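Structures given as structure tokens follow.
Shared chain: chain A. Partners: chain B in the first complex, chain C in the second.
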Partner chain A sequence: MRVTVKLYATLGAWLPPGAVRNVAPFELPDGSSVAEAIERLGVPPGQVHLVLVNGQFVAPEARAGRRLAADDALALWPPVAGG
Partner chain B sequence: MAWTRKILRVNLTQGTCTPEALNMAWARDYLGQRGLASKYLAEEIDPRVDALSPDNKMIMTTGPLTGTAASTSSRYSIVTKSPLTGAIACSNSGGFFGAELKNAGWDMIIFEGRAPAPVYLFLHNDRAELLSAEAIWGRSVWETDHWIHQRHQDPQIRVAAIGAGAEKGVLFAAVVNDLHRAAGRSGVGTVMGSKNLKAVAIRGELGVGNIRDPEGFMKAVVDAKAVLAGNAVTSAGLPTYGTQVLMNVINEMGAMPTRNWREIQFEGASAISGEAMHEPRASDCKPNLVRNAACFGCTIACGRISTIDPSHFTLRGEGRDRYKVASGGLEYEAAWALGSDTGVSDIDALTYANFICNEHGLDPISFGATVAAAMELYTMGVLTQAHTGGIALDFGNAEALCTLAELTGRGEGFGLEIGLGSKRLCARYGHPELSMTVKGQEFPAYDARAIKGMGLTYATSNRGACHLRSYTVASEVLGIPVKTDPLATEGKAELVKAFQDATAVVDSTGLCVFTTFAWTLADIQPQVAAACEGDWSMEKLAEVGERIWNLERQFNLDAGLTAADDTLPPRLLKEPANTGPAKGHVNELDQMLPEYYRIRGWTEDGRLKPDLRERLGV
Partner chain C sequence: MNDDDLLRYSRQIMLPEIDIEGQERLCAAHVLLVGLGGLGSPAAMYLAAAGVGRLTLVDFDRVDLSNLQRQIIHRTADIGRPKVESARDALLALNPGVTVTTVPHALQDEALAEAVRGADVVVDATDNLATRFALNAACVRARRPLVIGAAIRLEGQVMVVRPDRPDGACYRCLYRGDGEPDETCSQSGVLAPVVGIIGAMQAVEVIKLITGAGDTLDGRLLLLDARDMEWQEVRVPKHAHCPVCGVPA
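Take a look at the complex of A and B:
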């Protein structure tokens, strides 16, 4: 299945080919979890702080169980803050 | 003791500068900076005074840790009654000016009255002089800074100044120090202008001593710096991307107010984000961001130093050389207000408008938000080019944004109407409901339909809509210190109160609130306790924070504000978010506000109960 991955801030270093402004299409086996997607992207899990799927927060403990569907948008950030 | 124990009282009407002793009994109850200056203001003025009359006072104040070896010890505040809101104002700034004031040997300067002709204060350690500013009245902050340095022939003087907009009554004028750091919100620059005070220039060579336990203080400072260095946000995220890293976060989660809050996600967000500031541009292969920057003593360094694309329209033509420089770049709030809220996704136009706000002393949040309101009125046909002087105020019009920044900064043409702020502009044209404000102050960059705690934050903020009074975004979005559900209202009253009280303490120390992405009060307390004489336990600090909040609240009540002012615009209460995870949501303020009043110990109409007043001594 094809999803959209969005790797922001320092995680941009792991963007797959074809990325435009931190956003790229990404092929995953059907039914992949968030944790599996992070592994396939090659992003060190310890650097992933904030995970949103279609804008909704996925807690660290839920990453292994949260399944992605085709056309989902998976967005990842390292620890960031602003104000 | 960290405090210098000295105040400079400047009576502008009489032209006198008089030193006096700091009231240490008040310092023990209010610590310093925001808290202590608010106590002085509440004691010295009638809260009902016209904010722009000589009866209002303006206090420039440091905290006990300002100018010390503590990390982020740059901060100073300006406390006064706001002409924008009619409430108490406290605007906080970094840079180097605050530490210079402390190094000159002063905890605070109280300005009172009104000078018969324009003046500036020159303060060199113990020597204070009011000097004529006739030659620079009507000039910009940048010109004033240059003129003062040239006149006194000392490059190490630190200057805080206002621009022409402040002189002409633009109600959200800022006081800008060190060229691009600002006490930005609530129109503190307008108050300064009303006093005929153009600038404050300081050279301080006395050092900051009087630390109660120097050895213990240095240990506490080193320990606390290690926490900042070991935290990924304060050691990597903020220095690399600045606050602007939030642009994509907030847009992705659907909390990005867009086009005067008609929408909740901005299609141009990525083009104006912190990541975009790192992208090389086609014209010169250089990115917008030149480097990060630190204020005095800061080990985070979140500041942005930027340039405008040399091929951009804002740099074409005569007289543009002063913008072909590296200067203070976009922070998240400015990028949002100038960008998403107006629908402009041209990062160079935003950088230019931000330069103009710094050059002329404007709050970019209130300026951008008021332009956004004007754009909505223009889209409706209520405002026309006959009103705007021929400017087509369509959402997304970058040239209109830049032109209005120039006009507002100089206090000319339609810029003077923008200078009224969103509340008065919308009321003047018959649509008060389109003003996205609380207590007359424009919102910052978080939609309260998608981050519910921020609705309560805005409604109850003592200086009108503001994110820096209780930044529940940290918890509701970023998981600091713990993650809470942004779409839930349960528990938000307690969360908001906790953030409000803790932030009041941080704002009274001389340290930067951005440390709290890594620090808790438990990291700050040992530094305060080692520096300051007296009891500065965790319990005491918590009580001080609560006392400050209630003092500010009481000032506002005495000024004539009521519980009816603790509300949100109808757009947030009645018009559901149209996209994203919050689609269909409004802000349920009515579910949070009564609980908030209850845990504050206030009556149902938002007044302090007698037992609370007695306990806190307010």
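Take a look at the complex of A and C:
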């Protein structure tokens, strides 16, 4: 299945091929979880602080159980603490 | 309020959401503002201009040439001065009716707790997670509203923590881990107006908390991607076992 990933700030270093700015299509096995998608992207889990699926917050403890569907939009933010 | 005050704040008093009652609340309010950098600069200036009666400014740092691109409360002539002193002078020049207290060092433990207890609203305009966590914990313990802003590169975040409300998420409900790698503006860069946007939004939320106007961003995280100029709102649920505001697992 194909989902869309959007990686913010420093996480842009892990964008898959085909990215336009910080958005890229991403192929995943059907039924993949959010945690599996993050692992396949290669982003160190410690750097993923905010996970949104279709704009909805996915808590850290829910990442392994939250299944993605085709066309889902997965957005990942690192900690944003500057000011 | 005297005639000058009525004229100074007239454009705000004429708003039905503020009115004379809201303005009087602002004039009687005490805001603790931690961080006089990119976020704290616009937040402090708008709060002083809007007539918040007492501002306590906390920052251990001194003004550096590399700050001036975005920390708009400071001037070139202020380079080398403590940021809180530079900021105080700018705020009093803007509005001499405001009382400004300066704390030119970091606040920790009991000193931080006491400063938070003494404020009606706390503004997190700091630049690192460790300080943000400490401020969040102090606000949760003292049940003081906390207005959090953060920005880096072309991205920004705003959220309000309401520890006085039972179901309100805190900053630790959002960021769980310990010792996360920090990304600072000095290392990664930041576009000047992005901190301005976020800092100004923090001032809006503070004014609403004090006056009771509208709905604030309680447990709602606003995310700004200024590169594509997209805003996203994310509801942050309270984490039942949050180490700060939850019950132990």
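Operating definition for what follows: the second predicted complex is superposed on the first by the 80 of 83 C-alpha atoms of A that agree within 3 Å, B and C clash if a C-alpha of one lies under 4 Å from a C-alpha of the other, contacts with A are read in each partner's own complex, and residues count from 1 in each chain.
What we mean here is this: contacts are C-beta pairs under 8 Å (C-beta built on N, C-alpha and C of every residue); 3 or more make two chains touch, one makes a residue touch a chain.
None of the values given here were measured: they were computed from a predicted structure.
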Does the chain A-based superposition show chain B and chain C clashing or fitting? clash
Scan A:Gln56 for contacts with chain B and chain C and give back first, second, both or neither. both
What is the contact status of A:Gly82 with respect to chain B (first) and chain C (second): first, second, both, or neither? both
Contacts on chain A seen with chain B and repeated with chain C across the two complexes: 8-10, 21-22, 49-50, 52, 55-57, 59, 75, 77-83
Give every residue of chain C touching chain A within the complex, in rising order. 35, 37-40, 125-129, 132, 149-153, 155-157, 174-177, 180-185, 188, 190, 195, 198, 221, 223, 225, 227-228, 232-237, 239
Spell out the residues on chain A that touch chain C in their complex, using ranges where they run on. 8-10, 21-22, 46-47, 49-50, 52, 55-57, 59-60, 75, 77-83
In their shared complex, at which residues does chain A touch chain B? 6, 8-10, 12, 21-23, 49-50, 52, 54-57, 59, 73, 75, 77-83
Touch list for chain B against partner chain A, complex: 231-233, 236-238, 240-246, 248-249, 252-254, 270-271, 274-276, 332-333, 467-468, 471, 473-474, 478-480, 483, 485-486, 513-514, 517, 580-581
